[in-house]
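When the chains are written out, they are named A, B, C, D, E, F, G and H in that same order, and each has its own residue count from 1.
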Amino acid sequence: MDERTLSRLLDDVAAGRASVDEALEGLRDLPYESVPGARVDHHRELRTGQPEAVYGPGKTPAQVADVARALASRSAGAVLVTRAAPEQAEAVLEAVPGARYDERSGLVLVKRAGAGAPPGEVAVVSAGTSDQPVAEEAALTIEASGCAALRIGDVGVAGVHRVLEHRGDFERVDCVVVVAGMEGALPSVIAGLTSTPVVAVPTSVGYGASFEGLAALLGMLSSCAPGVAVVNIDNGFGAAQVALRIVRALRRAEA
Amino acid sequence: MDERTLSRLLDDVAAGRASVDEALEGLRDLPYESVPGARVDHHRELRTGQPEAVYGPGKTPAQVADVARALASRSAGAVLVTRAAPEQAEAVLEAVPGARYDERSGLVLVKRAGAGAPPGEVAVVSAGTSDQPVAEEAALTIEASGCAALRIGDVGVAGVHRVLEHRGDFERVDCVVVVAGMEGALPSVIAGLTSTPVVAVPTSVGYGASFEGLAALLGMLSSCAPGVAVVNIDNGFGAAQVALRIVRALRRAEA
Amino acid sequence: MDERTLSRLLDDVAAGRASVDEALEGLRDLPYESVPGARVDHHRELRTGQPEAVYGPGKTPAQVADVARALASRSAGAVLVTRAAPEQAEAVLEAVPGARYDERSGLVLVKRAGAGAPPGEVAVVSAGTSDQPVAEEAALTIEASGCAALRIGDVGVAGVHRVLEHRGDFERVDCVVVVAGMEGALPSVIAGLTSTPVVAVPTSVGYGASFEGLAALLGMLSSCAPGVAVVNIDNGFGAAQVALRIVRALRRAEA
Amino acid sequence: MDERTLSRLLDDVAAGRASVDEALEGLRDLPYESVPGARVDHHRELRTGQPEAVYGPGKTPAQVADVARALASRSAGAVLVTRAAPEQAEAVLEAVPGARYDERSGLVLVKRAGAGAPPGEVAVVSAGTSDQPVAEEAALTIEASGCAALRIGDVGVAGVHRVLEHRGDFERVDCVVVVAGMEGALPSVIAGLTSTPVVAVPTSVGYGASFEGLAALLGMLSSCAPGVAVVNIDNGFGAAQVALRIVRALRRAEA
Amino acid sequence: MDERTLSRLLDDVAAGRASVDEALEGLRDLPYESVPGARVDHHRELRTGQPEAVYGPGKTPAQVADVARALASRSAGAVLVTRAAPEQAEAVLEAVPGARYDERSGLVLVKRAGAGAPPGEVAVVSAGTSDQPVAEEAALTIEASGCAALRIGDVGVAGVHRVLEHRGDFERVDCVVVVAGMEGALPSVIAGLTSTPVVAVPTSVGYGASFEGLAALLGMLSSCAPGVAVVNIDNGFGAAQVALRIVRALRRAEA
Amino acid sequence: MDERTLSRLLDDVAAGRASVDEALEGLRDLPYESVPGARVDHHRELRTGQPEAVYGPGKTPAQVADVARALASRSAGAVLVTRAAPEQAEAVLEAVPGARYDERSGLVLVKRAGAGAPPGEVAVVSAGTSDQPVAEEAALTIEASGCAALRIGDVGVAGVHRVLEHRGDFERVDCVVVVAGMEGALPSVIAGLTSTPVVAVPTSVGYGASFEGLAALLGMLSSCAPGVAVVNIDNGFGAAQVALRIVRALRRAEA
Amino acid sequence: MDERTLSRLLDDVAAGRASVDEALEGLRDLPYESVPGARVDHHRELRTGQPEAVYGPGKTPAQVADVARALASRSAGAVLVTRAAPEQAEAVLEAVPGARYDERSGLVLVKRAGAGAPPGEVAVVSAGTSDQPVAEEAALTIEASGCAALRIGDVGVAGVHRVLEHRGDFERVDCVVVVAGMEGALPSVIAGLTSTPVVAVPTSVGYGASFEGLAALLGMLSSCAPGVAVVNIDNGFGAAQVALRIVRALRRAEA
Amino acid sequence: MDERTLSRLLDDVAAGRASVDEALEGLRDLPYESVPGARVDHHRELRTGQPEAVYGPGKTPAQVADVARALASRSAGAVLVTRAAPEQAEAVLEAVPGARYDERSGLVLVKRAGAGAPPGEVAVVSAGTSDQPVAEEAALTIEASGCAALRIGDVGVAGVHRVLEHRGDFERVDCVVVVAGMEGALPSVIAGLTSTPVVAVPTSVGYGASFEGLAALLGMLSSCAPGVAVVNIDNGFGAAQVALRIVRALRRAEA
């Protein structure tokens, strides 16, 4: 029941064409019925402020391309395909002009937010070279929303001086995304150095008992530095979304 | 090496009492030596903007009381003891005038931030009555920093209408902390309704296969709604710290 | 916004006291605002056909008693408190006349559905004496809804003849709830003997490697007999709810 | 040993044609002896009302084809091969005329139940596109028994309005099968909206900490909405079997 | 229905005291109905050769005592209560004359097999003093069946010479039960020294990462010495049952 | 130091060619030094009565072939390669005349025990067709030792009549090896029917929550039927070794 | 068979009182027979250089006291009881003069190594006050061997400056034992600063998802700093033993 | 801020070109600013005494080759690439003259420490042939540092005599690295025989319930022999690093 229907119903009541009881009956189940915007996916962007994203795994290349094309034609903002396999990426690149593919992170950017001053800056710190695909997924997602991403790489806790050098950056940016595998200790060290919000991303990098990122995940959740927010293993996209929620709130606060 | 020592050394150089080489030698290992502030714990508050907190378990009542008294005498902000057992709380209450104890959450507030307009507002949503001790730990920690906490209780996904009712609240506040046990689905639903930052706290509430909060933890990490930040099981304190980092960033942005 | 408010608004429109636009404005956000029934919990019973239940753990005796009294005063059907500790049960028994407590299962029946022919019959089969508290939780929940519960005890797979004896019962009833710990194999055997819906409840009964019911849970989920529905460990209440959904559907089908 | 044989034996005793000892000998192992139907597999269908199904993994293409052909020649109902690899499917399609293969779900339908009014209707709801192969396994299995399957796709909890729209469908059908990966919260929301039996299928869809469906499985088992029945991860076939047990019970109840 | 009853029924038919139809009625559902021995638990002893045992946990003292008394009055062999709490043991000792309680293992021996040469000998080896309660559960269960138990204690792999000293014992006995916690390596070493059947019992003895016996359990299952049979954690009773099956088979082979 | 060396040393002492002190020196560390048989692997067969086996994974085809050839040339009994990949098998078949390869179980039989009456018989029961490769690994290993293997296939607990039919077989053989995946309930049912030793082998067959055999493993360890001995997941070879230890003990007992 | 027996046997051969064959027979099973020192536990100290330790849990106070008294009377070095409950400690303190009890770590020192220059120094670093009981268990065990223990407390990675201050200590000592709960990141940071051997002890300190020390354990095993040696959760005693092996090797190297 | 800058600043103070306050200001944040050596990776070798190592997985062949070439040009010691895939190894071999590749362990040695007497000797013991790639990774890493590696292979606990034979070796070397899969019991046995430091490496070798090395890992952590240091699963490189820290400490102690 959309606004037009509702309006017509009220007109009928006003005009005496419908009794109050009849109108009441028609309205009773309204909370459960079709709400304007529910069926049209790009309303979601307005509702939560996030660009549309398509999760690649388990879909055929054609399915991914179709959804991407549909979203790109309707959306004002960016459209992303995450964890895209090469053949999915190829299908999207054919279907949507201007799409780009970052093979190591598996991210397809179907559309990039326009020019203008970036609304904020997020630092994306990675502990080792092997963590970079996940960090890149985060950085590209952040940039796709028109926000700046400051990439800081190869900053492991076993050489703690490199971390200390970047203390000024951590304080300056709006949010710090920290990507680390193995023991996942980097967010604890960084959160101990700065009051900026810290989002931790465990990666599946590591020998046997890292158990595909479980060690890093549990370590980050158990951080002795208070105020570390954690997302799923290898989920650079999700970390970027957390950071972007904060950036948007900051810009609203300034406005 | 504190600032006074450093100052004296430079005076010596300026006065010719020490050669440049001698001074150089004295400064060489400075990055690794005693840094001003490192030994005095209340500098940490200034560095990361967080009140001091003492983790109760594994300490004797006397140890807890001693640390709390020391921190309270030096700190301008609040001092918290988390997970305090009744006998620990009792010791703190005796040692520090004005301390308060919330038995269900185990939180002792040794000192509360003074009056003045609250710098922000955080919604603390809990799914069921059994989740309330954890939610209260979050809310009290938020209030201890002088920030307002909007408590919204008994909002389970099995009665999704109650969630929808609070959509306006979620949009208005600076951050939403969502506390839920069992399947932990509430953050997904709320994050789908609002663009405000969402911090999810799994609780250990539930029958057998919730495995002391593991079900809720994994569910929140695997949320289909992008941008959900997760903290440790039952860690209301940690969620509050994440929220407070965001609130402080917002106030700095406004300034 | 309850029905009275809605009715008054429509009266105003009918009487010309409010314009259609004004009414439209008032109704616009209705899907997200206070829905009739959302705040009043006993509407839920009508919506899903289930009696109200209170989960005991993590609540104070006073909280449990208050909720139980409130529900009992408004609800036409039964009210249950699950996993009630003795002191919680005592508080409820004082607060609500006619309440009964089954100590081994921890169930408090605050109110029992009235007389009349039972609308259905559910067999509750337990593998060993140690599984009986969970089976009793299921049976009492079923009876609280006015349905008959056929208790069949001590039917282990290591003495498969006892299972075979009850084949007729399994065929006759509306649903079979099977409660078993250790290896949890009983549902497979029973589901292989009957076409009646089978609901399996793993229990935490067993030596070390049953891991508090994990062995039985995984076994039931992995059953080689197709069509076994599983609920949480020790969750007799939940199994009863699954059975009652089926019984109500059967009665509606007959009507 | 059927009743006729038994009757003849007792006649012999009554008539003195057999001694008591001889009869005793013949009866001694009766509980353990060959029961009519045990050796002939298609009797199982009569006993439990389920079509025959072959589990593909671990069998050679030839083995699968042989079993399928044998079952198809004897069975009045449908024959299914689940999780069939392409080469297994090919072997079955050659061996049994009229067989069909759904590649994404891996299901081979060797035989389809005849025409006539469908005996019931089951809604198969999936949370995301990546969950569709499992949902399709469920839907095709339901249809193979001559029952109608109502496919409802892309209904995630992060956009809860889409769920609300289908409330009428949930109430109308005989059973709702809900297929969801990631946090697996959809069954909780749906079970909170309807009194119809709900069968939940966790899928292995999701990032790292979904641990191949474990997050969704634990979430569904820990559902705060009472009366959710759970089957194994990715087990669309099993969910369909639970639903079909309910549908058959409903039709028997009506008869 | 035991053989005597069956025999009497047939006598009645032979003598004309019962009609064939009457007898038929009594026998009709025999394969599925009450089988000789199924209802009367002590027939199980004859069927599988094992003494009756009652699993204590989850039963009231009265329930345990009732079952123990019933079994003791009917059984020719031993009756055991495993994992009996002190108050359960007390109830049994009162109810059944001659019962004995071993508090550390929690075993109650309600009845002991009579004199005569022991039918066999089983070595029960334990790695450390902390493993002895489980070893004692095994040894007492073995002795309750009239078999001899050779206790060999404090034989850890970190002092491998002690193991070597007992090589002769291992070769002589009918079966070796090896009880070990921590890393559970003892069965591997012993199985490498002897061709006698080896039954391994992991115990829950050990620091943190032994995870309540999981380390020992996985170690024993992964033994590099072929032919190690494993039972559940802390399950001395179960190991004894495996050993007794072997001893009985040996005695039958000799006969 | 083998017996010849030892004998020569004693000869020298007897002949006065070596002093007692010199001999003592040579013998001092004998317990730790080269023991006759330690370096020559085929002595192990004599010591533990088991044929030599080579574990394939992680070795190059050449390594496997070399070890197999060496063992085959020295050993009187059988030589087995377990889990052999096709290229490893090929290398062994070229290197050792008379070797055979069973591709589904991955077993290579390098040498088969000669003719003569089989010393015993072991039943190898498998629950489903998918469990057969593991069952075949067990059966072939048993036969390689000259013992008879009675294969009983497709005996699932969901059709419990098939199990009952084979009760006579279970009683007659020396040992029953039961191979089952999914919920792994078959050993419980069989152990409830017979007093023969039962060895249970969980397999990795099953949908998601069977977790590669974990469900079956935990189920078998938690069996409610006392006296079930368990081996590692998919370890048909290990189960055969347990059975052969029992068979050899039986034959020694008869002798 | 000890050296005296061996010597006598050789004398007999030399004197012709025993034939070579008789001697050979007596020596044949020597590798498996009683080795000098195997039965007398205090020889183990000589063999591995470690003081005797008794693991408390699962033993009666009397058992603990008996073993401690026996060891103390024979041993030249220290005797320790680990994880002693108060009543066990009390029994030991009564039985053995001079024993001391550290209640928080549960360690009883039955005997302390005498005076003289400490043979080495080990740093025992703990991350938080809650980790101190485990650190104290390590430090006391080290001191019991006559070695010096340098306690460094409250050195968390969230305040990385405190770690840097102690760099000189880490370089000077023979070994660094690092005790940390929660995310367990401290060993990575320390191992990145020093070339001294680092032994990491995870503790069970932390909120829910630290899972009783699992998070710290996995983190330490997955350390990005190479050369971190890990012991069991809460195992301060074990860490001390690793450190002492290194200290003894260092002293032997110097000698 | 490097030494030159610091020197210039002090010159300015000495020359009166800068006031003490100005200099103080410039030095204030020095602990957090660029430390000499932090950015230049080969300083790390000097700081911790370890050769540079590159972790291969997750990097492109070009990335690996670039890092290896850079390190090799600057480093005096060895450079290693661990877990190198063949195409990564190929790229490194092309880029750096003299590099060697061990395919089974995946180790690339880019540079080997020069001639001269090896500074120490480490025994690398492996339990089975399948454990050899991990053992080889350890041995080659040890040799890359100019230390000698004594390889002892095929020493399983099921044939404990082989272990005993090498007791002299264990006592003589500086450290024993023990590599074992399956139940991982070998380190316990060896640590019981020697006082030399023992480093245990679990491997992922084994049937199902070894769970990719988890069984061995937990077993080694739970070792009943005190003083066993454990590293990550399959982490031969890490074990070598632990051993090399000990060897270097020994050589320093001797100096």
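The rule is short, and it goes like this: a residue touches a chain if its C-beta (ideal position, glycine included) is under 8 Å from a C-beta of that chain, and two chains touch if they have at least 3 such contacts.
Being a predicted model, the structure only gives us computed values, none of them experimental.
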Chain-contact steps, minimal, separating chain F from chain C: 1
Matching chain pair for C-F (criterion: over half of the contact pairs shared, by residue number), options A-D, B-D or B-G: B-D
Averaged-CA centre spacing for the pair chain H and chain F, given as whole angstrom: 38
Rounded Å distance, chain A centre to chain G centre (Cα mean): 50
Chain B and chain E, separation of their C-alpha mean positions in angstrom: 54
Chain E residues counted as touching two or more neighbouring chains: 31, 35, 38, 44, 128, 159, 161, 164, 191-193, 206-207, 209-210, 214, 217, 221-222, 232-233, 238
Touching pairs among all chains present in the structure: A-B, A-C, A-D, A-G, A-H, B-C, B-D, B-G, B-H, C-D, C-E, C-F, D-E, D-F, E-F, E-G, E-H, F-G, F-H, G-H
Residues of chain G defined as touching chain E within the complex: 29, 31-35, 37-39, 41, 44, 55, 57-60, 63, 67, 202, 204, 212-214, 217, 232-235, 238
Complex interface listing, chain H residues touching chain B: 3, 6-7, 10-11, 13-14, 16, 19-20, 23-24, 27-28, 30-31, 35
Contact footprint of chain F on chain E as seen in their complex: 44, 47-50, 53, 161, 164, 174-175, 191-199, 217, 221-222, 226-233, 237-238, 241-242, 244-246, 248-251, 253-254
Complex interface listing, chain F residues touching chain D: 104, 128-133, 159, 161-162, 164-165, 167-168, 193, 205-210
Footprint of chain C on chain F - complex, ascending: 127-128, 156-160, 163-164, 181-185, 188-189, 191-193, 206-207, 209-211, 214-216, 218-226
